[in-house]
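Take a look at the structures below.
Two complexes, one shared chain (chain A), two partners (chain B, chain C).
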Partner chain A sequence: MELSKAGFKGKFRISASKNVRYLFLIGLIIVVSTFFTFINPKFLSLVNIGILLRSISVLFLLSMGMTFVIITGGVDLSVGSNVAFAGAVGVLTLQATGNPVIAAIVTIAAGAAIGFINGYFVGKLDLSPFMITLATMALARGLSLVLYKADAISVTNEAFLWLGKTSVGPFPIVIVFDILVFLFIKSLLNRHTFGRDVFAVGSNLKAAHLLGRNVNMVLIKVYVLTGVMAGISSIITIGRVSSGQPWAGLNLEFDAITAVVMGGTSMAGGEGSLVGTIIGVIFYGIIINGLILTGANPYFQSVAKGLILLIVVVLDQVQKNRSAE
Partner chain B sequence: MGKVSRWLRDNNIIVIVVVTTIIFYLINPRFLSGENVVAISRQIVPIGLIVLGQFFVLVSGNIDLSMGMSSVFFAILLGVFFGMLGGVVIGIIAVFVVSLMLGAINGYFIGKVKVPAFIVTLATMFIVTGLSGLIIPPRQMIFLRGGFFKFIGSAKLFGMYYSTLILLVLFVIAWFLYNKTKFGGYVIAIGDNEENAKLVGINVTKMKMIIFMISAFCSGLAGIILSSRMGFVQPGLDGASIMMDAITAIIIGGTLLQGGKGTVGGVFWGLLFIGIINNSLNLLNVQDVWHQVFKGIVIIAALVLNWAIRKQSGIEAH
Partner chain C sequence: MIKTNRILIALIMCIAIVTGMAFANGQQEAAMAADGDTLDIVFINDGHVAPYHVAWLGGFEDAIKAYNKEFGGITGHWLSAEGSLEKMIQQAEATINQDPDVMFVNAINTKAFEPLVKKAQDQGIIWIAVHSPMESADYSFTLGDVTNGYNQGLALGAYYNGEANVAIMLGQAGNPSGEARREGILKGLAEYPGVKVIAEQPADWDTVKAQSIAENWYTQFPELDAISGVTDAYLYPSIAIAENRGIEDVTFWGYDGDIPILEEMKAGKVGCDILLSGTREGWAFVQTAYKVTHGMKVDKVIDFYTPPVMTEEVYAMVKANGFPSDIEVYMVDKALEVAEKGYLEFGPDSVK
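Right after this comes the complex of A and B.
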């Protein structure tokens, strides 16, 4: 009885601090947006909002998958390279068959395959997620270079390009697709036993074993999910530029980790939320988009990313340290 | 546990290095020619410097993702000072000062504010990557010419490059620091169990500051070597793969990513392994596009072999 009371209180406190974090991030988004609008009024135009949404659509999906991985206490460095690899497999399939549906399915399957390798080694062999995904990061990028022969391949099949290319007015339809994916994944994480298992694995691997959870299977599913997200992302990326690029997705893994961490998911595992990740992704997109509009040196984007990440996590940690004392 | 299996568990990296050496020698005998061995010993220097700094960081249970890109940043910083003021000494002093400052910043946020090292150094990685492009005039290279760069980049003593000798001396210093001083014991204690380390009176915050200052300083040294070797600097230099190689070398060399365990000797063999693999790509005429595939497979194979040997000797991979 006592225990369950304490548990309830603990849970309540966590959700309260989560809300504070969201409010803080949303406040920052408003401040930054106001600043950019002041410098360049185009920032708030419908056209620019459309551009912004399109620019974050891929990061959005990858960050969804990354949130799961980080909640299990892992990290997936291979997602960026996987976007290029899955795309290469898909584009070649499209060339060979001319069938966009088969090509799309194969693209997603290729992404899932890299995810499976990651999940298998992390789950079954207990290898460190950092090391194994570092290896598959090189592997997937290398295979992409080999398959593309290090050169872009242009894609003309309108059906295959549809998801990444189509807009209704200024708004890209891919954002509707993203929202559907989010709703699906959120129900996975919050309602199904799978979601509970993901948190259990992240909180404590051994305890999850004791509870009879099949930790290996959970980890394999989680990494396959990020692989699937990378596969879908590559279809969107190809649609946006009407070609498959061997260097697509470069460094996106770090951007995804940044968005997830800014959204309040803990690198220690066992704690995190998809809504937080969305706010993180939007904030991230606004910073990059706004800096492009102000015409700042592109290298400044990188400095801004780092500073913002540092500011958000440091302020958050200072607050945590205070409440811990 | 038998003597042999215990030796294998602790030294499987030596077996891996010997086996790969024999394979590459059989494929191409030129692999073990004096010329090629000296070439390998030169190629591994920048990675080796990152390895030394990162080793202490990893044993303490942390990670420094900023090391690769910051070595590029320091190479450019040296170039900018050299280009602006024409002085090597002032440039090197600047690299030392700024690297120690960067390390102190990393260490402060990690040790004092207690933000995870992965996140802090990811942020500083972004920052130094951007600064590399901001401090150099757009679309420009700076050429580094003069005695100093020639000396560091290509002078030899008894057939070995000075830069290699410097690395070897630093390895000996690291070995001494790690095995024979209180500092080394503290690093292991923190990586093993931070709470316990605090309880026995170790100033964890201060230690973390020092550890990250060492790693940043090593990035600075790597930057100096990199710039001297190439004779020019530009922001597009590939710092990321240097860091990936370094971390791979350390992990394959038997250091645990979770911290608390690792040996300088093992890491040295791990560095040799990475040097051999990088060198063999050229020696075996592996086409450029296949490089990363090859490397990815080799890393996975080494990790699995590493795992299998440890499993065989009855020790969990943890």
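Right after this comes the complex of A and C.
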């Protein structure tokens, strides 16, 4: 009885701490949005909200995949390059077949293939996720340059471009797609055995193994999922710019990691939430968009972004210290 | 706990100060733009990593101030995409929503921006494609990269009287401007069958990458005579490493007209440079924006005048070895003057 009371209290404390974090981030979103609107009233215009949503749509998908990886205690540095690689495979398939459905499937499969390589080396061979994904980051970017012959390829197939290009009024259709993906992924993480395994692997790898979880397979699935997200992201990117681009996705991995950490997912693994990631992505997107719209000096933009991340990380530590006390 | 709280408060104060400073600039410009007859110019650049970029953006800012002082109501700011296509697209979309009068866009890849050019034009914004021409853009501001590269290659070949081992440092793979410069340099060198290109390597416009490439070349190719670069940014580390290693018989051939590199020419290390000059180009942008919004005649493709620069000694030598005398060459002192003082060619007086 006492034990269950303590368990309840502990759970309540974690949940309360998570809520405080969300409230803090939402509060920050409100404050900075008000500030940006004060400087430039166009910030809250429907057109700008549409631009903001479109600009975060790819980061949103990549960050969802990255949340899974980070919960397992890993990191995936290859996602940005994978966006370019999967796009190259997809665009060339489209050129060869003229069939947008086949091209889309191949694009996602190409992304998943890089994910599988990551997952196999991290899961089966127990190699460092940082080193492996650093290697595949270079590999995927290099392959993309080779496949594209370092030059962009124009895409005119309207069906293939549809997801990234179409808007209803100022609102991009891709956001509806992102929400559907989110609902699916969230149920996978929170209501499915796979999700519990992901948390178990991140909390204590050895314990998860002893409890009979197939740790290797969980890690492979997590990295494949992230690769799939990169594949979908490349379809969106191609639609957005009506072309396949060899340098697409450059440095997006760092934006995704930033958004995930801002959202409260612990780099140590075993802890994190997709709702937090969404709030992190929105907050990050608002900062970038607002700084552009207000004509802030670019020298200060990086400083402001860095400070915001620092503040969130420090806040995270403060909360953890309080919980520990 | 008290300690972490203090750190948190300190960080919040830092962020308040930094954002305050950043926005003071933006607000001032917004207030100015709200007044009657105005000209608002935005320059979106692909990155901000090389000394050329610093000079470029500095020249742009100085020109905005000078034109505003002279004519009033002229505002402008620049953005850097830090090499990220996604960031650049977001910046272009947000800028279009801001409704400036003129946008200069140095696109990472022009094909990605075709949809946005139309969107900007539908809103009455003048789109000026920078360095890589775009058919759909209202204007293209070009450098004549192939011709410039050709002149550099030609001068190099003539300097060595048609017998040399050359290594070329390239731009980012697929970047149209870098590819055009490479094409020109190779064409120029090809005029001399005795000139061998023993290495070609992209350094992605990055001085740090250029450093490691130069180090490898000096070790790998003891027979190396000259390093040709598609940007002056590569020459800084290449010259420094050569000096540190006591290598004296390698010459350097640049492209950009950076003031420190022009000064190096006097020391005899740099054979030829191409006079772009970031400062000059920044001033030229504001002059162009002023012209196109004030009904003055401007060609759809604006070919920025970029002559080769040499010392008198080098020029005499290359001319004696067949460098064509109909190619106008600036001597270093003249090049330094126009590179430093962008207003001489492109200041408010030039549009009166």
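Criterion: the second predicted complex is superposed on the first by the 311 of 325 C-alpha atoms of A that agree within 3 Å, B and C clash if a C-alpha of one lies under 4 Å from a C-alpha of the other, contacts with A are read in each partner's own complex, and residues count from 1 in each chain.
The definition used in the following text is that contacts are C-beta pairs under 8 Å (C-beta built on N, C-alpha and C of every residue); 3 or more make two chains touch, one makes a residue touch a chain.
Predicted model, so just to flag it, every value in this text is computed and none were measured.
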Side-by-side fit of chain B and chain C on chain A, or clash: clash
Touching partner for A:L307 - first (chain B), second (chain C), both, neither: both
Touching partner for A:I49 - first (chain B), second (chain C), both, neither: neither
First, second, both or neither for A:A150, with chain B first and chain C second: both
First (chain B), second (chain C), both or neither touched by A:A268: first
Touched partner set for A:I288, first chain B, second chain C, both or neither: second
Touching partner for A:S128 - first (chain B), second (chain C), both, neither: first
Partner chain(s) touched by A:M217 [first = chain B, second = chain C, both, neither]: neither
Touched partner set for A:I29, first chain B, second chain C, both or neither: neither
Touched partner set for A:L92, first chain B, second chain C, both or neither: neither
Intersection of the chain A residues that touch chain B with those that touch chain C: 145, 149-150, 297-298, 300-301, 303-304, 307, 310, 314, 317-318, 321
Parts of chain A lying in touch with chain B, wherever the complex brings them together: 75, 121, 125-128, 130-132, 134-143, 145-146, 149-150, 254, 257-258, 261, 267-268, 297-307, 309-310, 313-314, 317-318, 321
In the complex, chain B residues that touch chain A: 63, 109, 113-116, 118-120, 122-127, 129-134, 138, 235, 244, 247-248, 251, 257-258, 288-297, 299-300, 303-304, 307, 316-318
Residue ranges of chain C in contact with chain A within the complex: 1, 4-5, 7-8, 11-12, 14-15, 18-19, 21-23, 25-27, 29-30, 48, 77-80, 82-87, 89-91, 93-95, 97-98, 108-109, 111-115, 172-174
Parts of chain A lying in touch with chain C, wherever the complex brings them together: 35, 39-40, 42, 45, 47-48, 51, 54-55, 58, 145, 148-154, 165, 237, 240-243, 245-252, 288-289, 291-298, 300-301, 303-304, 307-308, 310-311, 314-315, 317-318, 321-322, 325
